[in-house]
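Chain IDs A, B, C and D follow the sequence of writing; residue 1 opens each chain.
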């Protein structure tokens, strides 16, 4: 079932102003660099972006923020981005902050046909405002609802034409749950192979969750915090 | 973090009469053969067994049924087992039948700290009796609760001393979700290796979910329905 | 009148290119043998495989590679293996375009019963309740009447339900019928079968409008 | 009085053999450098790794291998990688034996605030709300007072909460304190610090019973 598209432009075709997107990645690790650049170039505006973070000022989702293409961010952590903070505090940008585990679980639920579930995270905090509280085993939980997106955009290490994906290291993060939750899921990969070349036992995202796939180019894979130790000689 | 135990007897130590066990497998595929035999030998009784199926008359959980060690089965499908049907229809055996997807999701939820969730499966049927119904997007859903077990017993293909597991083919089935849901999880594997020998990217069940591990012996891996096609010569 | 393979062949005409399809045990399994050459469909089996292939050659059976009917199978190039929780995430999340399953009874309001005969047969629902409650597109494949000649297309199911209002289409040895607010709407007759025979064999409300074409197999 | 490394060293004494531990950003991260030789603990980072190792050697950094603080790391033998949903399944499911995190404020009823200063700093809660709501065993690592000398151990948090009634123990540059129904119970003094200095620096209720030993570092 060949899901290859010819270019990143074809991959993002159909994404329109005011749509809701999910974008995989944690910090700058495992983000769909090619698609983000294409969204900047296509100048699509008014986006609601569901992504754990908001990139940095000049990379990742920060590029869309710079051009004010994002109307609303749904994230768990948005530090490391001055322009983000400016837009949020000035009220230009709407922001919905969600506990990281609830964000992951809500994406997973959206893809898994679970419309709502109970979680302990956020009880007694701002996050609980307006939400149903119920006790299980004597412990309070919030009812959280599934998240879905018009398009989910994920980045994997390897993929095949059928859309099967394998991630590398901690670049996996939110990508698998978001891949499940997109009405249309776009996957960009570093290495695209023919069906049969990936071990069926080693697939992280089965191809059924992916509608379009292409091999990206020029991955920068910027490191946010380069921490090293000196080699003993 | 060495979780090896010396024998299957050590692996099941602590399992007592009237406890609740989860046992991985689908049909006879991916079942913990060694632990089942050890439970038969240890003559532990009054068990509540959560397992998708109940084995066949003379293999898998059927061995425990033969010796009437099971008080209650929680399963989705229990055909292919005459002794099971006899015990159930005569009232000797208590049976809770659960939709297969709800069973998997309830095990996953038990391991994932999600006490309850909504699913469409079973609405309008016996399964819905006594359960809360709620509509999402105009569609009725049941509130289902997490399942947990005193011990979860799973079977994997490869494992390491830290408890990391890799399954082979469709022998994966219920094993990963159940591994998450045991207060104590016992893993039996065909091949046990030292930490570092498994690819961290290819682990299906991270070791944190496993408390005891051992290399099983004499796997029979019986096939329930041997379906083949003739080779064209 | 069709045999089981005929029913499977007729349902195979419903398949569309690039669909993911879940086939139940029995007649539905046979559909895989009749996929038109010009389309590509991928079969999911709910025990944890996408890209299920044909039965293995003799001597190449793998006990660790079975379908939901516990039959030994093969994996096609591009297959993916996953666990049960992920498998039903696909099903509940409506990532599968077509579900075909057997039934003991179908009612003219789309209700289906296929898992239990109280006091006599209790095999369990397996994945059927998840499948029928989740899928948008459900076809039932079955014989029009049971072994005692009694209609399986009813005004109301007498057996414990598997799902309510979920069946969209029924393909039997006699006919293709759609579930509509007014009951079973006759769409096609099996070769050589008359409208009267179908009416005779259908206990539920049957809507017959205009000429009913014969199936084109 | 302790420096940040001293706080980390003291908390490392709480570690037990075979524990899985989640360390937050800041002081908690330093704990990994002080694990006693005779025990083995495994560090989880909530972005998706168990078995996190030390920073890589220069030139061996991998952009695809970071911790939750976005720092380049290594994976130890026996490490496992997983996705965010699975990572928080571990956390919510209480598979982790100890969580250590920083805080802006801790109240004497175990409330904690560490994610937001209204109108001024809104970085988000990241995984902290899941961690504090889920873990049975939560230690806060922080300085006893803020940069302006104001106590961070309060009768009541003034900032938006991260979690309620969840902190079990606080280790600061001045003391080890347990959260009890009667407030912060003083357990140990930092080297050279008096009970009076701790009382002075603690705004919340402080319970001092008997002789308070000095930490044994």
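Everything that follows uses one rule, which is that a contact is a pair of C-beta atoms (placed from the backbone, for glycine too) under 8 Å apart; a residue touches a chain by one contact, two chains touch by 3 or more.
Please read all numbers here as calculations on a predicted model, not as lab measurements.
Without chain C, the contact network of the other chains remains one piece.
Taken together, chain A and chain D share the touching chains B. Among the other chains, the CA centroid farthest from that of chain B is the one of D.
Separating the centre of chain C from that of chain D, both taken as means of CA atoms, is a distance of 55 Å.
Centroid to centroid, with C-alpha atoms defining each point, chain A and chain B lie 33 Å apart. Taking the mean of the C-alpha atoms as each chain's centre, chain A and chain C sit 36 Å apart. Looking at chain D, one finds that residues 49, 75, 81-82, 88, 91-92, 134 touch two or more other chains. In chain A, the residues that touch at least two other chains are 105, 108, 112-114, 119-120, 167-169, 200-201. The set of touching chain pairs reads A-B, A-C, A-D, B-C, B-D, using the touch definition from the header. Those residues of chain C that touch chain A in the complex are listed here as 18, 20, 40, 42, 44, 49-51, 75-82, 86, 88-96, 134. Interface residues of chain C facing chain B in the complex, by the touch rule stated above, are 45-49, 54-73, 75, 81-85, 87-88, 91-92, 111, 116, 119, 122-130, 133-134, 160-165. Chain contact summary for the complex, chain A toward chain B: residues 105, 109, 112-120, 134, 136-137, 141, 145, 166-169, 200-202. If you check the complex, the residues on chain B that touch chain C are 26-30, 52, 75-80, 85, 88-89, 95, 97, 99-105, 107-108, 119-127, 157, 167-177, 204, 221-231. Chain A makes touch with chain C in their complex at residues 1, 108, 110-114, 160-162, 164, 180, 194-196, 200-201, 203, 206-209.
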